[in-house]
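Please go over the structures that come below.
Here chain A shows up in two complexes: once beside chain B, once beside chain C.
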Partner chain A sequence: MELLQYTLRKLIAGIPLIFGVTFISFLLMVYFGPDKTYDLLGKNPTEQQIAEIRSELGYDQPFVARYFNYVTELATLNFGRSESTGEKVSDLLARTIPVSLALVTPGFVLGNLFGVLLALFAASRRGSWVDKTIMGCSAVGMSISFLIAIIAFQLVFSSSYGLGWFPVRGWNIHSPLDYLRYVTVPTLATVFVALGYNTRFYRAVIVEELSRDHVRTAKAFGVSPAKILSVHVLKNCAIPIITRVVFSIPFIVISGSLLLETYFGIPGVGKVAFDAITTGNQPVLKAVVGLTAVLFVLAQILTDILYRVADPRVSLN
Partner chain B sequence: MAAAPETIARVAAPPHQGLWSKAFHKFCRDRAGLVGLWVVVLYAIVALGVWLGLWASDWAEVTGPKWGPVSAEHWFGTNLIGQDIFARALYSTRTAFELGLVVAVLSTFVGAVLGAFAGFFSGGWIDELVLWFMGVIDSIPFYLLVAAIAFSLGDSPYAMYIAMIATFWVGTSRLVRGEVIKLKELEFVEAAHAIGLSEVAIIFRHILPNTFHILLVQATITFVAAIKSEVILSFLGIGIQDGMSWGLMIAESTIEVLAGFFNNFIAASLLMFGLVMAFNMFSDALQDALDPRSVR
Partner chain C sequence: MAMWRFIGTVTLSSLLLACSASDDAGNSRAAVNDKKVFRYAMGGSPTSLDPVQSGNAYANVIVSNVFDTLYNYKYLARPPELKPGLAEAMPEVSDDGLVYTIPLKQGVLFADDPAFPGGKGREVTAADFVYSIKRHFDPTTRPQGAWLWQDRIKGLDEWKAAGSDYSAEIAGLRAVDPYTVRIELTRPYPQLLYTLAMGFSAVVPAEAVETYGREFGIRPVGSGAFRLESFNTAKAVLLPNSNYRDEPFNLIEEGYDPATQAYTRVAELEGRSPPFLDRLEIDFIQEGSALWSSFTKGDEVQMASLPDEQVEFVLDSTRPVILKPEFAEKYQLATGPEAGFVYSNFNLDFPEMGYNPDPERNARNKALRCAVIRSFDWPARNDSFYMGLGQVFPGVIPPGVPEFDEAMPRDSVTRDVAYAKQLLADNGWTPDNLPTLTYGTVAGVKSRLFFEQFRAFLKDIGYPSEKVVLKRYATFGDIVRAWSRSELPFVSKGWGLDYPDAENTLQLFYGPNASPGSNDANYANPKYDALFEQAATMAPSDERTAIYRQMNQMLVDDCVAVTGLTRMRITLWHNNVIAVPDSSIVGGGFLRYVDVD
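Right, the complex of A and B next:
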């Protein structure tokens, strides 16, 4: 009951944020977006034709009504048709989002998992050469651009100049084996880039936790180092780790799918967004930007609720 | 017996050592940080030379054959249309510094002012408004925000700058806000109130100068973030619009690498990696040196 109340309160507190992200994406892409009137008209249009198109596009309506229309579009997932292919935007998204999830999920999960493991390893041997090597590699990894990593991994693993083990580009999947063939190189690049930041962040969190009194007490009681790390440290680090994972979703998943799909020619939502950016395809762009922002706000609310479940100390106010 | 207090004085730290002089001494002992700083200075000299027209001024001219090899004349060979890759990579250093400095200075300034006001009036409507705005910016994925801004500005060359500043101030602002909430409870702020200074004067003259150590570190972090984002944005076609940059070179090289020509890719990647790595090392050392909690 208490949890339900808490959930409701969090949802209500999220309303200003949802208003904010929809309002900004509305301003940028609909209100101040390019005027589409003349793209849709033939040569030498009459004034009446112009007025017709403008009312069809909703340009003649007042500001508030246009914003309300945009929010309605977001809520009902009805964005009209793509300007380039004429496909319904909702169908387009339904077709491409699963591809993107299949593409970025392994890299996202492994990047965080290995990040925590390496951080535990480094933190438990703090100051030793193992720690220094891991942190040095993480500093190098942080300095390499995602795009450079993608190109380098493709060259090494996929091209005829390197090992040539995997397909150079594309996404042609009929069996689990195909999936592995196509997903491996993008995953390697994602993990490589994510590891630099993740390891560093998680190590800092774990080192801080290791210096707490309760860890010292556990040591004094003769608890084994492995048990201290897994039970006494990791459990208490759950909150910063969950926060990190949720807040890195937009960076890894969005930038990941944008770059990976563009570079490897994979027909996911990132490729769709890229094409919409380059051609100025408004219905697709506003759907992608609006939806991801709203989904991210909802994900943050969900995290808050998860905290409540994971840690009863979190205040209900 | 007279020698004893002298010895103690020599061994103990000098009295009244402020944050900055302590940080300076600590920084000077950090070898990685010093190497980073010197490499950054070297890059800055290269960028300044390009800006003064001393070198790389012929970056846009065709001076060799298509995909020419590495030679004494062309240190990194030539690209698809015969332009000297080394000159282009050097010229890009200037672009990187221009972008990094503009974005770092402006976003740090915006973050400092908004963060200070939010922190000073914490709990009030200004604070609520700034917090709301930060939450909104954080919720729109960066690359999509850039795309949306570029879309509304009609492919303006400033879209990338505006989007970066609009995004990067948030991190600085959160830190400054937290620090100001602590600072405003201290005696010197109370004293400033007591002698009748206005709140704006207190914020700008007494509180903001005390957050300068945060701002300096944040500016270096923002500088690196700007350079790294440029590469990806230029590849996506919403980055640098005119001129030359490492991002544009790497975007150009994506066609070339599959044809077995790597010079463009290697030149841009190496130069960019060097600057980002050096800046990261410098930034880390600075952070360590300026952190009052860290004791070595």
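Right, the complex of A and C next:
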């Protein structure tokens, strides 16, 4: 009951946030975003044709009316149709978000999991050559751009100049084996880049936890290092880990990964969102921005609940 | 333990999700393996596949394979020549050139689709063509091709003004009977047949448009050689249209030239009816490294344009274009100029460098523009950005059209720093009084490099670098808006030919086409306009060519634009593919004739 009340309270408290985010983003879209009119026009337009397109796009309506429509669309989850293809935005997102999720989830999970494990390993041997090696590799991982990592992994694992084990491009999946063929190289590239950031972040959290009194006490009582790390340290590090992981989820769901999608020819939501931004495809853009805001509110609620799960001393009140 | 359970659950969920989120609704790989599959790569992706919105060259490639047009370009003829497509024959044209009577083939069927009763494609009739053209004059379809026919077909503009009622007749656009189209023009329009070969004029069935509404752009239904199986941001998959008519391939009729085309093995297609593929996949790949990796993989993309960054790696020589032996063993190659050109306009609306009410300043401005033009180093531009493969030419009639004049003096594309400096000095221009030249471009590394090179050229003639400034636009739509509103004093752009007739490029400087139209130079020369109007109604002839060339020379003499360069396209394909790639002017019509071993 307490959880339900808390969730409802947070949802209501999130409404102003959603209004704020949507209002500011809509303001930017309308007054500073690309004008779709000129993307849709033919080669030799007349003033009349420009006016017709603007009218079709609803650009001739007052700002307030357009914002009201947006809020209504967000409330009903009916964002109309893409101004580029004419496809229903809801269908478009329903088609592309699962692809992006399937693409980035393994990399996200493995990147965080290996990040935590490596961080535990490094932190427990703080100052040793193992720690220095892991941190050095992390710095290398952080320094290499995602784009370079993608090209390098594609070259090594997919192309005929490398091992050629995996497809260069495509997403034609009918079985788990197909999935592994298409997702492996993007996942390797993602993990390679994510590992650097994650390991450094988690190591810092774990090192701080290792210097706390209860860890020193556990050591004095002769508790094994493995148990200290897994029971006393990791559990107490849960809150920053949860925060980092859960707040990354909205980006994964909505943004996908533009670079992975374009280089590997994967029809996810990242390219759709990017195209919407660069061409001023407002229905898609409104859906992406609105849903991201909603997901952040939900992520915030989920984070608080998970805090409570991780640490019963945390009060939902 | 709980963590491992969580990880296991997420991994399993991902697998299940992925299996349910497959890309193509097509066959499994196993089923595809024993079929003829061809993968073609394009450098960009279409947005809508509705013919009324097929202004994008990439959309045109798919539209020209899913839909029929009354006329097509011959597959092998170079330069391009028209032939009947959905039309039974070339049109019967009245003596005054105003009435075109076009017979249609009988028994041509649209592809099967749930939009038709019983899901069976019905016969294509003249009424479908009339309907398809009408759609360009219905603002709710957001058409892009109306400029081709507006003010040219009798009654069409009035039909639109009266509310675009599809049930209302148009005097100049009629289906005389199910197999005859009659077009009556307001004035002769020699380019009409070319427009009837463009994707814009593709024939669509009203039932499908009504059934799918705005989603017709992603669920196109036509009578072309292929039907669309799936389409997304990464690729389009097309399957053969089982209703496609039987039309045996005829080498002679298609314009076969054994001397230049024998190596492509197209002669093996003689007598067979296209399409020859079981599955056509068109990948949209903008990234050069990914394109090259996919092309060289062996079992992925089989035909693509050679990415710029691979030119040195792949070619033994660029003049002539020759592959290195290790690539020549595996791939075929074709080269040809792109149908279009790149150039930069001065916007003459700006009195600082364009038209000025003060006659003296007006003359000085012209001298200034001429000096800028003579400072431009086209060979350096060609070498720096086009691997030296581009074709530099004076004026705006590019090599891709029959009116191109190889003998035209090349002064305007020959750098002469001393002359340019003298021109400035003679007209009283000094570093202090030179106006600021604002160069607009879309934000990007290459655009920035273009600008910096241009600024360096100008510096050589004494134009202070701080007076050549960059104005960046976030997107292409933004810069188009700036051109259309005449907000930019200097416009750098490219133009893709819509048809092989110099009228298509000369109209870029026709007065009535001033901003927001395509004349974003806002060039206003009554003599030029009079010649354009005179030539506009003339059939191709030596006389018309002479007028075109006279207009071209006017543009050069008036120093309106820094022009031009036609890029060279190098297409590679695997040895097991039988194909002759076409230039972009023809769209992707060649894909229906592609075969694989």
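Methods note: the second predicted complex is superposed on the first by the 267 of 317 C-alpha atoms of A that agree within 3 Å, B and C clash if a C-alpha of one lies under 4 Å from a C-alpha of the other, contacts with A are read in each partner's own complex, and residues count from 1 in each chain.
Note that in this section a residue touches a chain if its C-beta (ideal position, glycine included) is under 8 Å from a C-beta of that chain, and two chains touch if they have at least 3 such contacts.
These figures come from a predicted structure and were not determined experimentally.
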Look at A:S143 in the shared chain and tell me whether it touches chain B only, chain C only, both, or neither; answer first, second, both or neither.
first
Which partner does A:L285 reach: the first (chain B), the second (chain C), both, or neither?
first
Touch test for A:V21: chain B only (first), chain C only (second), both, or neither?
first
I'd like to know which partner A:S224 touches here: chain B for first, chain C for second, both or neither.
neither
On the A-aligned overlay, A:I254 touches which partner chain: chain B = first, chain C = second, or both, or neither?
first
Figure out whether A:N78 sits in contact with chain B (first) or chain C (second), or with both, or with neither.
neither
Quick check for you: in the superposed arrangement, does A:I151 touch first (chain B), second (chain C), both or neither?
both
For the three-chain arrangement built by superposition, which of chain B and chain C touches the greater number of chain A residues?
C
Looking at the overlay, what does A:V297 touch: chain B (first), chain C (second), both, or neither?
first
Using the superposition on chain A described above, determine whether A:Y263 touches chain B (first), chain C (second), both, or neither.
both
Footprint intersection on chain A (chain B / chain C) at 34, 151, 154-155, 159, 161, 168, 262-263, 278, 280
Under the touch definition given earlier, write down the residues of chain A that touch chain B in their complex.
16-17, 20-21, 24-25, 27-29, 32-34, 139-140, 142-148, 151-152, 154-155, 159, 161, 168, 247, 250-251, 254-255, 258-259, 262-263, 273-274, 277-278, 280, 282, 285, 288-289, 292-293, 296-297, 300
The answer for chain C against chain A in the complex is residues 7, 10-11, 13-15, 17-24, 26, 28-29, 47-48, 50, 53, 55, 139-140, 142-147, 150, 213-218, 232-235, 283-287, 289-290, 293-294, 296-298, 300-301, 474-478, 480-481, 484, 498, 507, 513, 516-518
For chain A, which residues count as touching chain C in their complex?
34-47, 49-50, 52-53, 55-56, 81, 84-88, 95-96, 98-99, 101-102, 105-106, 109, 113, 151, 154-155, 158-161, 164, 167-176, 178-179, 183, 261-267, 271-272, 275, 278-280
Complex interface listing, chain B residues touching chain A:
132-133, 135-136, 138-145, 147-152, 154, 228, 231-232, 235-238, 247, 250, 253-254, 257-258, 260, 262, 265, 269, 272-273, 276-277, 280-281, 284
